[in-house]
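Next come two complexes built around chain A: one with chain B, the other with chain C.
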Partner chain A sequence: MPLPSEKEEIWRYSPIDAFDLDRYVPVGEEQRDRPIQSGRSSASWIAPEELAPGIVAVTANGWLQRVDRVEAPGSVVVRSALDLDASPPAFGAVLSDVDAFVCMNDAFHPGSVVLEVPAGVQMDAPIVVVHLVEPEGLDGAPAIFPRMTVEVGEGARARLVELLVARSDPGVALVVPVTELRVGEKGDLSYVAVQQLGTRTWHIARLCGEVEREGRLRTLTVGLGATYDRSRSDVTAKGEGAATELRSAYFGSDTQVHDVRTIQEHAAPRTTSDLLCKGAVAQESRSIYSGLIRIRHGATKSNAMQTNHNLVLDQRSHADSVPNLDIEENDVRCSHASSVGPIDEDQRYYIESRGVPPERAERLIVLGFFDDLIDRSPMPEAMTAVRRQIGERVVRALASRSAPPGDVCD
Partner chain B sequence: MGERVVLCAIDDLSPGEARRFDVAGARIALVRIGDEFFAIGDRCSHEDYPLSEGEVWTDTCEIECPRHGSTFDLRTGAPSSLPATQPVPVYDVVIEDGNVSVVLP
Partner chain C sequence: MTALETPERSLHDDGASLSVRGLRAEVRGKVVVQGVDLEVRRGEVQVLMGPNGSGKSTFAHALMGRPGTRVTAGSITIGGHELVGLPSWERARAGLFLALQDPIEVPGVRLGPMLEEALGEPVEARLRAEAAAIGFDVRMLERSLNVDLSGGEKKRNEMVQLGVLRPPFCVLDEIDSGLDVDALGAVAARLERATTEWGLGVVAVTHFTRLLSVLHPDVVHVMIGGRIVATGGPELADQLEATGYGTFSDGVPGSEQ
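Then we have the complex of A and B:
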């Protein structure tokens, strides 16, 4: 299978043509229990008391190392597919729309991390999976393939957080996660993924969701780290009355590229989908959003919304936004909206006229820009940390551009 | 009042350093930040791993477990980042006559 090229619509505007596969070596079995190097990790930013998790699992370079249960119903299980008699049947990405990166994950992933929430079981405490990426000490530039498979049974409810973090000073790495989420009839899953990898890492992620009749899936992906950060979410409302909500946020600085692709597919009548994607780019960073609403034949009375807003903070930063519709049915409601622009001068003038110094005014405006997304996120308790991270990034990006770094923190 | 045990002289540890001491059945990580000393249990509450081998964050008064990156507040023993969720024990430190002692419960 060839590597994708920028000529394909789903890779348009991306730097994929500059991708050098030969540079990377997949991490092998010998990495399963290797000790981790010392050094400050970007893991140190989400406090346990903020999330109050019910289950915490840790993977290192893709291998599931440990699962701790704080408080969880006994029937809710997180384990490695290596401990099961058979791998859970693939769905989503591996079947519907395979590309070279999904293929690679399929070939090299070190056993899926499997989360099962049986029918009727309701668990409110978040299940947290921390994926640690530690390229230091490996031979060559490692390619790491985390894989996660989630089954939420009929009438079950669960909340899952995946954190993708780098340990110590990270070298060059390729991280290709695939996450498959299945929500059964009247099931309910909230999902948050936060990517905070090292500054020389390529992150190419695929998220696939399927929702059965009257089920609900809410997702949020947050892109903070990596040099190229791509997050593609394909979510299908499969059964009648199924509802999906997609949220995405990114903040870019330096020469980062954030690339968010979404597909909201409606395959049954009376399904709803609601997408909100917001990002800000500073310095020489750029972002791409492209999204597709696809209403399949027969999905009458479906209702789909798609909104993408971008804040461009510097002259040299850039954002592309491409919303698309593909509608094969009548009697549906679809709306899309998209905007790209700098900070509103009236807002800036208003805030500064109240005595707020310029740098702080800008930080307030950027955080305010993200606040409506944060308010509409599937997991409010995860957002305090995310908001704090975005705030710190804004402060750093602004400080680097004003000559003497002034008093920009509060 | 518990038993007081001398661990080392003040100058045995340089600022920013952590060292493990085994005393009276307790495994203790002694950490120096500036001229202050902190003593906590030397076992990460997440997975049994010596915290004394981890990095000391002098700016936030924390130590990071080298295994999975959880950080612990040296003053309270509480984890300040996942994956750990439980605190580690904290011991009172007494500095007297140029020696550092901990008070065992």
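Then we have the complex of A and C:
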């Protein structure tokens, strides 16, 4: 399968034509029993403990190393697919559009991390999976392929956090995660993925979800690290009355590129999807958002919403926003909204006119821009750390600029 | 202006006044305010009336230093301290507050944190007290600034901010637009109380006499064509009510713009 090209709609505006596959070496079997020292997951700015988790699992370079059960129903299991002696989940069953990166993950992933929440089991404590990128001892620029497969059974409920973390800056690296989420009838899954990789890493992630009748899937992806951060989320409301909710946030600085693609697919009647994606770009960074609402024939009385807002904080930064609709049914409701622009002048004036200095006013507005999304996150307890981290990035980016545009022309 | 001599009002009369002299201001190259003089003392209520397009709102924003509103001549002082040339946040800190006709929505920003940035100290208790005083649902304090608020709630929100910040002077731009009778009464009562509580000096900008049924001004000005063409007591508003602005615009240069 050839590498994708910028000419394809789903890669439009991306820097994928500059991608050089030959420079990367997939990590091999020798990584399987890599010892993990305690405390290594502390490289993450979200400490798993902070989330009061029920289960914490740690992978290193994709290999599942450790599963700590704090408090969880016995039937909820996290294990490596390598340890399953029969009928491993059908990998790729939810992938509707396989590309070269998914193929690479298929070929090189070191056994999927499998989470099973059986029918009727309800677990409220988050399950946290920390994927560590461990550069030491690797030859060349490593390519790492984490894989995660999640099955939430009929009437079951669970909450999952995936943290993608570089323990130290691995230099040039490629990280290609694939995560598959299946939510059974009347099941309920909340999912948060936070990407905090190193500054010379290409991160090309694929998230696929499918939801059966009256089930609910809520996701949030947060992209802060990497030099090229791509996160594609394809979510299908498969059964009648299924509900999906997608949230996505990114913050760019230096020369980062954040690239968020979403597909909200409605395959059954009375399904709903609600997407909110917000990002800010500072310095020479840029972002791409493209989203597709696809309503299949027969998905009557479905309701889809798609909203993308971008703040462009510097003259050298740039954001593209491309909403798309593909509707094969008449009796549906769809709405989309998008915006790209600098900090709103009227908002600045309003806040400054209350006695708030310009740099503080801008900080309030940019943090508020993200709080508006954070307040609608599927997992509030994970948001304290996300908010703190975004706050630090915002403060640094705003401070690095020359003085904000003057606000008095007398 | 007998009200000024009541003991409560004089308590706060520190001699500082809001003083506007020969103010000219333009927006996008068009001169809108054509030489305005105004003097407001602490505890005093003045109303600036005028038809649409008379320059009242531009005048209000020129006082606050809105970007795009350019002062080309004149001065604005509080207690002798010049505001022209200062950014709006410094004008606010010098003692001026502008209540907007249509307060801006700021998603994700709550009132408390914004006022704490303005004052540099916790405001939670005062915020709750002020919300109660104006009949602003305290649950709204947890919402984003002005987002999904009705017109009346937005104006009450402005009054909550006024009460927490307690500036010496407040300019209200069309505070009565979009308000029902109850909300207008609540806003006016709050302003009247503020004139004695901390000696707030008020300039209320409006084109309706409706405001004057609930807010009792010491001084009424009529602005037409960017100039103040008449100044008097409350009886001036009665005259306006009876005859409209037409009688005032006769012979006023620039009033037909």
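One rule holds in what follows: the second predicted complex is superposed on the first by the 376 of 410 C-alpha atoms of A that agree within 3 Å, B and C clash if a C-alpha of one lies under 4 Å from a C-alpha of the other, contacts with A are read in each partner's own complex, and residues count from 1 in each chain.
By definition in this document, a residue touches a chain if its C-beta (ideal position, glycine included) is under 8 Å from a C-beta of that chain, and two chains touch if they have at least 3 such contacts.
Predicted model only: the values in this text are computed from it and were never measured.
In the superposition on chain A, A:Val70 contacts chain B only, with no contact to chain C. In the superposed model, A:Ile46 lies in contact with chain B only, and not with chain C. In the superposed pair of complexes, A:Arg360 makes contact with chain C only, with no contact to chain B. In the superposed model, A:Glu345 makes contact with chain C only, not with chain B. Looking at the shared chain after the overlay, A:Arg333 reaches neither chain B nor chain C.
When both complexes are overlaid on chain A, the residue A:Arg23 reaches neither chain B nor chain C.
By the document's definition of touching, neither partner reaches A:Arg316: not chain B, not chain C. By the touch criterion given at the top, residues 344-347, 349-358, 360-361, 364-365, 367-373, 375, 406-410 of chain A touch chain C in their complex.
Across the interface of their complex, chain A is touched by residues 64-71, 84-89, 91-93, 97-98, 100, 103-109, 113-115, 117-119, 144-145, 161, 165 of chain C.
Note for the complex: chain A touches chain B at residues 35-41, 43-49, 51, 53, 56-58, 60, 65-66, 68, 70, 128, 130, 132, 163, 165, 167.
Considering their complex, residues 46-47, 53-55, 57, 62, 64, 66-71, 78-85 of chain B touch chain A.
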